[in-house]
Structures are given as structure tokens and as C-alpha cells.
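Quick one: the structure is below, questions incoming.
Think of it as A, B, C and D in the order they're written, each chain with its own count starting at 1.
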Amino acid sequence: MSESAANLAYGRPIVLEDGPFKGWTTWGGGADPYETLLGPFCYRVEADGSAISAFQPDQRHLNGAGALHGGCLMSFADFSLFSIAHTQLSEGVNSVTLTMNSEFIAAGDCDGWVIARGEVLRETRSVVFIRGLLTQRDKPLLSFSGTLKKITPR
Amino acid sequence: MSESAANLAYGRPIVLEDGPFKGWTTWGGGADPYETLLGPFCYRVEADGSAISAFQPDQRHLNGAGALHGGCLMSFADFSLFSIAHTQLSEGVNSVTLTMNSEFIAAGDCDGWVIARGEVLRETRSVVFIRGLLTQRDKPLLSFSGTLKKITPR
Amino acid sequence: MSESAANLAYGRPIVLEDGPFKGWTTWGGGADPYETLLGPFCYRVEADGSAISAFQPDQRHLNGAGALHGGCLMSFADFSLFSIAHTQLSEGVNSVTLTMNSEFIAAGDCDGWVIARGEVLRETRSVVFIRGLLTQRDKPLLSFSGTLKKITPR
Amino acid sequence: MSESAANLAYGRPIVLEDGPFKGWTTWGGGADPYETLLGPFCYRVEADGSAISAFQPDQRHLNGAGALHGGCLMSFADFSLFSIAHTQLSEGVNSVTLTMNSEFIAAGDCDGWVIARGEVLRETRSVVFIRGLLTQRDKPLLSFSGTLKKITPR
């Protein structure tokens, strides 16, 4: 099951009170060990209701060539599927990532936030369709699309 | 650029000399900070020339629901694209992940290794086509397919 | 909604009684205009319970370069998702294609059947996970994977 | 090899002189048998330089449920990958579809054109990254993304 899905089910969204992401939301209290290891991955709801996600890459996220690890970008994209869909998923609905597609457009580095923006293309009774784009310094890094499956809380 | 690609270009494959993965190969010397953070991700070449990849999930890899993070599985799948293609990529050819598709089949946990097996479907002059499957206790967790683009060392 | 899904809901599977596909099953009676236009697309259940799908490419399926049209291969792959899953879908369960990924491995031609084989990786209460491979003269043409969503007959 | 790619290599783009698609471009002279069978698939370059693609679904494109065949939508999306990338591919550069991902968002019918819009996310020396969306009556039907590989004319 996908991390963000789990967070929406079990995590405690908290608003960061200082630092570069002051005012942004992340999953708190170590509720998500993997994200605590990689993150913080943060998101903020814009005035138009859309979500923007971001994280600050650092040495931890690099591969042997000094570029951002593909797995790191996909992990952040998975997180972003859920922040993009937050309005659909906010009413106690749990979801899991069912599918995710990735195209690696360009290499990223540690110079500036990696930003995720996207859109919910449709929400059905059981599935949410999402696509998004990771960028850094306005340059596309990763194009992703996916489906979230709503699950009934046990 | 994808991590494993970078490793094949810059990393130092080392054979682990003890522990549960004694005799398995990983990328050594912290050459890959992201993999050092998540791993060790290991692979071994079987008698038939195919590669098997494995890692032992632990608390670090969990999401808020106590399942393996989707991003963790995709990170390991990305690593596996390169171990699966190792024979095609072993002669000093560098590669990067161009695309990767993932279907999340079932949730994983910390009980037993996550194993990756797969096959090279074709290698062209510039692209390698690969598909694989992540399993745990013989249960499919993630189906993945991808393309690696060969790059000319600068 | 995907064609084959519809067929499983509304089509009439018929067994061809002569011609090169004698003994193979297709969707009959023009129940599926698109498949009637492109096909016949046929499948047969093997002794081991797996399904093999096939069609004979001809001039209709060619692109401007004299190769099989990518859309033709994806159309046949979509059909094959359902023949591969036939045992899961045979008890009056309707399904639609939710997602499908394609990697174009090699160009096809009109010399010999295009064959589809694959496997159901998992069936859940609501989703079937499938992957498959199109080949011609034992050469891989298209790697595909997808998810079928079960739907409740109205 | 993908149809549209072939057309860009071998086809003859012609501007339709009458009918509902008067002023739109298609591939002419039966240069592409598969598209002639399914089409006409047309595109037009907008004032902003972007391409819009369209076709009028009819009885030929239906599945057994009276919805547009998934393979038909994917065939049109494949065509659209190339119309979207036309500016990148117009200088005698041939291309083939390397990968294409599809999410089936909603069922289509014969009431109104199916429209494709999209964007080139990046063009490298050897690959073009594209994503797009098929809509009908402003309703999303299919989300697709793909990579085109440039090929050197033989």
C-alpha cells in the first residue's frame, strides 16, 4: 500500500511552524517512517484550491552521479498523487496507489526545491485519476500519472 | 538520471562478505547516497545468467499503515531494472531510466526479503526494454516495466 | 469502456468452424463493430488453462512504412487483457480496462500471426492485474500491462 | 513502428478541402491503410503553435456496449503523440513511438468529436516527451503520455 494513502488514513498532518517550509503541511510525528527518512515532503493548498508539493533535495537524495535518484523522484511523485487529490480524499476516505507511470525527463540536483503540480482528471466512486509534473527551477524532471483506489476503512 | 544508471557509470560494485547477503553484490563505498540511505539493495547473478535482486525491508521502509512505502518499492524496482539488464550494460555502457511503469499489486511488510526478478525483452543500439516483478514470500507486490536509454560516456 | 470488457458483458463468444483459426474463439455476430473492423481477434484456452490470443495481420493493419500500426497492436493487446483474464471474468463479471501501459519493442509485419500470451498477476475483489507480451515469429513486438476494473452489471 | 511516425516519414499530409474537417490536416492518399480504415484522424495547428487533433466517432468505433473501443482511443492517442510533437518532428526527422501509457477515465460515444490536446514536455537529441488528454464534449476520456524516439532516415 502506498505511503501517502496510509498517511491519509493514519497519519497526522501537521503545519510546519518555521524553516523554509513554514506554513506548509507534512505528515507528522514520525507517523510515516519512510517519509521521515526521505523528507520532509510538504504540500500547500493554493488559493485556487489546487495543491503544490515540494521538498528540498540534499546529499541524501543523490545517486552516484550526483543527480537526484530516480527512486527519490518517484517517491515524491507518489506522495504528490495524494496531495493533488487531497480535496477528493479529505473526508475520511482512504486510498492506495493502484498504478503509477513515470517518464524521466531530465536529471535533478540539489539546487532548489523540487516542485510537484498536477490535477485530478476524474474521481469516480472507487478510483481517482491524477496526472502531474515534477519540476526544478521551472524545468520538468518527471512526468507522472496514476490511479488511486479508494478503500473502505476496516 | 536514475540511480542505478549512475552506479553503473560511477559506482563500485562490491561483493558483501558477511551477513544475510553474503556473496551478493551491492554498490559500495557510499558511492550512491540514496541507496546507502535505503539499502543495501543487492543482486546476484544466477547460474542461468539471470539476475535476482533482493533487500530486507525494515522499519525505515514502512508507511503510516505499517506497509512498505510505494516509493520504496519503486526505488527498488528502479535498481532492479539495472541488475536485470546487467549483462547488457556491463561493458562500460552507461544507461539511465527513461520510463518506468508500476502496478501496485499487494502490500508488503517486513517479514522476509523483497525479491525482484525480470527479463530483458530486447536491447537495441540505444534502448533496453525490461520488465520485472517484485515478490515477497512468493506473493507479487509490484509489477514494473521500463526502458533504459544508453548514454555515451562524456 | 474497453471493447473486450463490453464483449464479456454483451458479446457472443463463438467458436470459428473453419479457416486458419478453426477451433478458436472470437466475438461473434458483429456484436463488436470495432473488432469486426480490425479482426478477427481470436483466443484459445490452452491445456494449462492459460489463454493464447492471435490475429493475422494484413494490409488493413499497416502504417505508411509498411509496419503494423502501433494502435493496431495496442487494440489487440487490449483484447488480450481480457482473454488472459478470461477465467477470472467468466462468471458473468463485467470488466473495463482501467489502465494499460505499452512499450513498443519492435516493428511487426504481415508475415505470420501476432500472438499474445500473458498472465494474471492478481485478482482482487475489484481489480485484475495482468501483464502480457505480443510476439510475431517468436520476436517480441509489444510489452503491455494493465488493470481491469470489475463492474457490477446494471 | 508507430503509424504516425511512419506517416511523418512517408505519408503525405493533405489539407481537407470540405466536410466537417475542412482546413484540417490528415495523412493522405491511403498512405496509411490503418488510419484510412479508422479515420480520418485530423489535426490543426492553433494560433499559439499547439496542435489540436480530432476525429468523429461513428458506428465503426464502437464496442459491444455501444461505447468507443479502448483500442480506438489508444490508436487516436498514438496519432496525437505525433501531431502534438509536429513542430519538433517537422524537419524531416522520423520518429517512432517508444512507450505509451493510457488511463481510461470515462467511456466515449458517437456524440461529438473526440479531441486531443497535449504538450511536448521536452525534446532531447534522441527522444521527445509528450503527454495529452482525449476529451469529448469537454469530458476527459483518456489520459496518455509517451516517448517518441527519433530515428535516422536510412
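Just so we're on the same page, a contact is a pair of C-beta atoms (placed from the backbone, for glycine too) under 8 Å apart; a residue touches a chain by one contact, two chains touch by 3 or more.
What you see is a predicted model; the values in this text were computed from it and never measured.
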When B-D and B-C are ranked by contacting C-beta pairs, first comes B-C
Copies chain A and chain B touch via same or different residues, half shared test
same
Can you check how far apart chain B and chain C are, centre to centre, with Cα atoms defining each centre and the answer in Å?
31
Inter-chain centre distance, chain A versus chain B - centres from mean C-alpha coordinates, in Å:
22
As a quick test, compute the distance in whole Å between the mean CA positions of chain B and chain D.
35
Sites on chain B at which at least two other chains make contact:
98-99, 101, 103, 147
Across the complex, what residues on chain C touch chain A?
98-99, 101, 126-127, 147, 149
Per the touch rule, the chain B residues reaching chain A in their complex are 1-7, 9-11, 27, 31-35, 37-38, 59-67, 69-72, 74-76, 78-79, 96-104, 107
Interface with chain C, chain B side, in the complex: residues 99, 101, 103, 105-106, 121-122, 129, 131, 133, 140, 143, 145-147
